[in-house]
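Working notes for the structure below.
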Amino acid sequence: METIEISSREKVEMIEVSKEVQQVIRRSGVETGIAVVFVAHTTAAITINENADPDVVRDMLKELSKIVPYEDDYRHAEGNSAAHINSSLVGASETLIIENAQPLLGTWQGIYLCEFDGPRRRKVHVQIVSA
Amino acid sequence: METIEISSREKVEMIEVSKEVQQVIRRSGVETGIAVVFVAHTTAAITINENADPDVVRDMLKELSKIVPYEDDYRHAEGNSAAHINSSLVGASETLIIENAQPLLGTWQGIYLCEFDGPRRRKVHVQIVSA
Amino acid sequence: METIEISSREKVEMIEVSKEVQQVIRRSGVETGIAVVFVAHTTAAITINENADPDVVRDMLKELSKIVPYEDDYRHAEGNSAAHINSSLVGASETLIIENAQPLLGTWQGIYLCEFDGPRRRKVHVQIVSA
């Protein structure tokens, strides 16, 4: 297991971690298997989406803020309930397939850490299992 | 593989299963690997979120009921379409990383069974794979 | 690893792939383990839901189109931002438990490829890991 440490800069942000995950896979020496990418926080998430046009990420974050409004008579005293809800909707992890010592991703797929309550220092754990 | 059986008491509810999952991992004897926590039902889900302030869960269930209204001219005759939709949005499983014979969770992360159409008797399967 | 190729016919559609995934598991010869079902596209997703009443799928797709409207002042020039958002909400993969050389699914659970921007030719990768 390896841990990637990332400092977010914005309140809400998607930060691509594809290269970092690829490096962990390479260092593991595993040719064929899976990689679990897991964020150890309840106001962040991991997702896979397009990394070509930055407007995809922009549209996604804007739309999520409409689906889960930042203010909505929440009770949780820290005031970040929307971030917790987005964390469960997007999910705390992604499981990747490893083939030829690489993550098997489609042409446009990148791996993202979703920050929903930044800026904060975040830990992303990567566990590799050989097939 | 081990199966955790849980009886929900409410229509909509999040029940923490962190201890039960931890016990399955301990019994497996696996030190390093992954654990797949999978709910065998289409109106329930598994998620990871804060287990410190119960208002986080409360806010989440209330907001989900706004995002996916319980009544909305659904066709499915059983009348529980919202529960099916929430099941797909939150997801049927979570994959955890095992390190030192423990699930590698952040300080505030707990594992939850989400009941969206209770009360019912639910089965949560846990499969352990050594790394 | 095996790849299932699927041609969608509609703009938005859920196509059951349970049999195809089951065949990949059978061919692998693995009795106990996990299967990662991963779609290699950013405007599609994999989910598990009821495969008995087709109205469940119908209600789900209709409701998702309300939660994430197809038009909403998105900036992404391709005009398929809603498909990208649904992809991250539903998720690019599902991890199944294998027991007795079969996916361990509940009575009503089927595995679906969700097409959010069809019709297109889609690739679904399946990786099997023995426990």
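Each chain carries a letter (A, B and C) given by its place in the written order, and its residues are counted from 1.
We adopt the following convention: contacts are C-beta pairs under 8 Å (C-beta built on N, C-alpha and C of every residue); 3 or more make two chains touch, one makes a residue touch a chain.
Computed from a prediction, not measured in an experiment: that's the story for all the values here.
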Chain touch graph shape: choose line, ring, star, complete or other and state it.
complete
Do the two copies chain A and chain B share over half of their interface residue numbers, or under half; same or different?
different
Rounded to a multiple of 5, how large is the rotation, in degrees, that superposes the C-alpha trace of chain B on chain C?
120
Inter-chain centre distance, chain A versus chain B - centres from mean C-alpha coordinates, in Å
19
Provide the list of chain A residues touching at least two other chains, using ranges where the numbers run on.
67, 89, 91, 95, 129-130
Residue ranges of chain C in contact with chain A within the complex
1, 36, 38-42, 67-68, 72, 74-78, 81-82, 84-85, 87-89, 91-93, 95, 123, 125, 127-130
Seen from chain A, its contact residues with chain C in the complex are 32-34, 47-50, 53, 55-56, 58-60, 63-64, 66-67, 89-91, 94-99, 104-106, 108-109, 129-131
